[in-house]
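Look for chain A in each of the two complexes below; its partner is chain B in the first and chain C in the second.
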Partner chain A sequence: MRIQVFVLAVLLGIASGLPGQTPVVNTSLAGKATTSKSFTMPRTLDGHPDLQGTYDLATLTPIDRPAGQGQTMTSEEAKKREAGQQKRVAQGDAKIAGDRTAPPKGGDGSVGAAGNVGGYNYGWLDPGSSYNVVDGQIRTSLIIDPPDGRMPPYTPEAQKRIAAMRSRANSDATESNDPGLDKTPGAYDDPEARPLGEQCLLGFGSTSGPPMLPDYFYNNLHKIVQTGDSVMILTEMVHDVRVVRMNAQHLPSNIRRWLGDSVGHWEGDTLVIDTTNFTSKTRFRGSTENLHVVERFTRTGPKTLLYRFTIEDPATWARPWTGEMAWYATNGLIYEYACHEANYALGDILRGARERDREQGAAKAGK
Partner chain B sequence: MSMSKPVTVAAILAIATLSVCSAQTTGYKPPRIAGKPDLNGIWQALSEANWDLEAHVARPAMALRPGPYGPVPAAPVLALGAVGAVPPSLGVVEGGEIPYLPEAVAQKKKNQENWLTLDPEIKCYLPGVPRATYMPYPFEIFQNATSMFIAYEYAGAARDIYLKDPGPAPVDSWMGQSVGHWEGDTLVVDVKGFNDQSWFDRAGNFHSDQLHVVERYTRTSADVISYEATIEDKAVFSRPWKISLPLYRRQEKNVQLMDFKCAEFVEELLYGKWRKKPLGN
Partner chain C sequence: MKFRLFVSVLCAAAALFLAAPPLAAHHAFGAEFDSNKPVLIKGKLVRVEWVNPHSWLHIETVNAAGEKEEWMVEGGSPNSLLRRGVTKDSLKIGTEVVVDGYQTRDHSLLRANGRNITLKDGTKLFLGSAGTGAPDDPH
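Presenting the complex of A and B:
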């Protein structure tokens, strides 16, 4: 189990010391049917399916399928894993000794933000408590195509591009897979070199997307509001609003947007959203600005949507790939995620690096 | 500041404000969504309110320093020239002046004198309410039978207008917690749960965390919403006061909310000094 979690954490780019969640009642999988036979499609005033509501994307199902797993798991296995997760949460929420010693200088050397000097404890996190169920199947990955449930390999061109990026500053790295001060020259020199999440420009983990994905950490709510000519999708993290213009043309190619330019249309009862025109800074898993995302929303029950996304960027992947997940409605309210307003971290990270520069300079001078 | 304002300005202003308010009684019947007036669309204030809610003549700059013949732009904004000047207005405050408590007047003056370091807009902080409404950026209302939501271009600010009261706000926030209901053809939004960080304008007008705003949105023609906000804050003002101004529908066929993630634009201002190689002056 512990190995499993470690694999998941690494795959998802999450600090292995951090997985946990807020202590909520474990939702039984049986209660999360994604299709309902006696279900009548709710419709908006103009006759289209009503997709509106607030949805919680937190899930234990990872984006990429862990090695050695099939496409689905049995409910017994899911229950066992979910119980394990609950236990970890309970442990994480347990009281800690107030007189414990400080972590070792520079961290304990493990994977995690700044070598796990300590960050959030479990009570702050909400990475999901159950697995995602689609078509009555308990899924082991969001990715369904390729059939192995894993992102296709990078093209040689993309491998080179991503390697070059990682050897310099790492402004697309998540906080948790940041390799640290020594391994990425320049990464702490300027605010622009820091991850977009640290700059409060986008939520980390493609929460705002598109594709809009769980971050396996916290703040996974989204809200949908439909009007006659648009669909508004609010992402909780960094309060990002996407306005999908219905039956509209894409912007000229010289107008680039952080979340891309989204236009939508209905195919039967499915909302199809086509997104292009991303900025060159909005890198989804190393993509270029030519990333093309097609999303499909279908209401499958009174409390569930099916969300499907297809990713295309020939300069990064030789073939398109597709994932899907159920979005579960929640009665929870979305509170303000005022990131930039209280962003002490970004300045302190740079100040810390300058302080280290000064110490190293002094040490050199003293030799 | 407001104590020393000539009475005549207030009088002129009262007349000007009255004429704005009277727009509500035109008898216009707006198109409807589920029986309620349709407020959907992209709107923007055409107003100097964000520079200074109160009546004012034009000023050389937001930040001033004494010159031999009167105030001149302070050094940090000097290079902006006329672009940095403050456009004049008869103001949007009903009755002309904001009724500050005596001790709050001093804070307002201090805010104005230290505008460059204190105005949250300079740092791209969330604008609060009502300031979000009359900033010089468009905003979009998303409305249907069950939802009311406002997205603002400035800083990507967003507000869910709850049509069912969820109870007291669990935590203070920049944009507050908004609860809306209809009074006839007017959308009334009650906003509470603010922190004390946002301002009302670039002139240092401010509030505490006891701020309570009641907004009224009334469509008065195909392309105009009459907007009023009553502002109450016992820690700062001696009585509730009201602003009113029209909001206009953006007419461009291709208009849409664009990205204005200004957090990116203020990184040099906020963090430039901690670059490995500061850019210098």
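Presenting the complex of A and C:
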């Protein structure tokens, strides 16, 4: 399928226009999750809710609300958009000419992260097929606070910092967004100048988190395992495990971790995870290492959890902001994602850069 | 940085109204592959690396000089294929395939991106039953 899936949810929102009826989202952050009627909370031996299982976060609901959309959409609207997505998948899977020729020289006109050389067929992907539902409302964004469903603006300080980061090789980016070649000086000088995703250190966007978010692409599975004193969360891509220490103190501030230091406690039937101590490289949407993430997990039904996250980093945003989504249990298995096993791409990228260095050197010598 | 991605996402969303590009991946395709080196590879599968972060299909073909060559073609993560019911038994060694893509920027490597990977008649590979293990329809 010829669709840039990173933007699929955004596109669907924009392309489909405005929903006619927009029920009001409950943006109360009191932390009370609505549970299904006639649902008996499963509990572990110590009496706490049993959150264990494998969950698939793939969804068509984007993190930020597309411009011009209401807070929720009607079932009819959602079905229409979901049918549009099904159609795209079907088109992507459709047969093409067997006796075709090579693509055009100079590029095939693709835009986005794949640059002008294109990506690969839809069959490889699993970006989600339905919109996320919380409290019976079909959501148009994961972000619920601010009420416009969008990340708050960056502070002036953050804008300066992010602009400065953009002028350096993007080793702290989670993924590549080169629409061709990255012109940033030094971007291809060594493996460590490459984005973390390309180095196989972290997944796309914020899959490992926290906050743990969908990537709108593939491999959105997470597995939760509980013991008396720890909660473990395995993220399929890139095979990261968060070990949440229950009722513990945070590590000293000089100890920094890629996924931060997570400690948890129960507030009634809700698991609350507090994460600090990030490294200066794990920049969630341009945040600093002082990012503070609070996640709340509440079982709301036999097959659903409510996942709510609040982001705080005064050096980046003037106010905290919050999002939420249902995590749907799946019978699917989490597969190993041994990212370094065959990361030929990174080598190819660096070899390509060395070829260009030689060509440029030869061109200079010839002048 | 997420900010750059965000800007890129918006630009790409706008561009989608004009063009329908093939899918992107999380690494720098534009830096890995050379848009001035389009290739069409026809041949038999001799090896498939079902590995992350990207699968690689090895295809034996014959070049213009009549010599055998083995090309490597990059696909996506194999995990989603498994979820569509595709296993190593679905894609047999010896299968005749056709791939269109672009060669790596290092031309000494016989590698290309699998922009379209099909059987000889143009049927897309990897068509399993979608939805295996997918969550229940929430509404």
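The rule is short, and it goes like this: the second predicted complex is superposed on the first by the 306 of 367 C-alpha atoms of A that agree within 3 Å, B and C clash if a C-alpha of one lies under 4 Å from a C-alpha of the other, contacts with A are read in each partner's own complex, and residues count from 1 in each chain.
We adopt the following convention: contacts are C-beta pairs under 8 Å (C-beta built on N, C-alpha and C of every residue); 3 or more make two chains touch, one makes a residue touch a chain.
Computed from a predicted model, the values in this text were never measured in an experiment.
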{"item": "Per-residue touch tally on chain A - higher for chain B or for chain C", "value": "C"}
{"item": "Partner chain(s) touched by A:Gln69 [first = chain B, second = chain C, both, neither]", "value": "neither"}
{"item": "Partner chain in contact with A:Tyr335 - chain B first, chain C second, else both or neither", "value": "both"}
{"item": "Partner chain in contact with A:Asp357 - chain B first, chain C second, else both or neither", "value": "first"}
{"item": "Partner chain(s) touched by A:Leu45 [first = chain B, second = chain C, both, neither]", "value": "first"}
{"item": "Contacts of A:Leu346 with chain B and chain C, given as first, second, both or neither", "value": "both"}
{"item": "Which superposed partner A:Asp190 touches (first chain B, second chain C, both, neither)", "value": "first"}
{"item": "Chain B versus chain C as contact partner of A:Cys200, first or second or both or neither", "value": "both"}
{"item": "Which superposed partner A:Thr322 touches (first chain B, second chain C, both, neither)", "value": "neither"}
{"item": "Contacts on chain A seen with chain B and repeated with chain C across the two complexes", "value": "188, 200, 238, 333, 335-336, 338-339, 341, 343, 346, 351, 353-354"}
{"item": "Chain C to chain A touching residues, read off their complex", "value": "1-6, 8-13, 15-17, 19-40, 49, 51-56, 72, 74-84, 86, 98, 100-102, 104-107, 109, 111, 113-128, 130-139"}
{"item": "Touching residues (chain side chain A, partner chain C) in the complex", "value": "1-7, 10-11, 14-15, 55-56, 58, 75, 78, 89, 92-126, 129-133, 138, 154, 162, 165-166, 170, 172-182, 188, 194-195, 197-198, 200, 203-206, 217-219, 236-238, 283-286, 303-304, 326, 328-333, 335-339, 341-346, 348-349, 351-356"}
{"item": "Chain A residues within the chain B interface of the complex", "value": "44-45, 52, 188-192, 199-201, 223, 225-228, 230, 232, 234, 238-241, 243, 245, 255, 257-258, 333-336, 338-341, 343, 346-347, 350-351, 353-354, 357"}
{"item": "Touching residues on chain B, where the partner in the complex is chain A", "value": "33-34, 40, 120, 124-126, 140, 142-147, 149, 151, 155-158, 160, 162, 166, 170-171, 173-175, 197, 256-259, 261, 263-264, 267-268, 270-272, 274-277"}
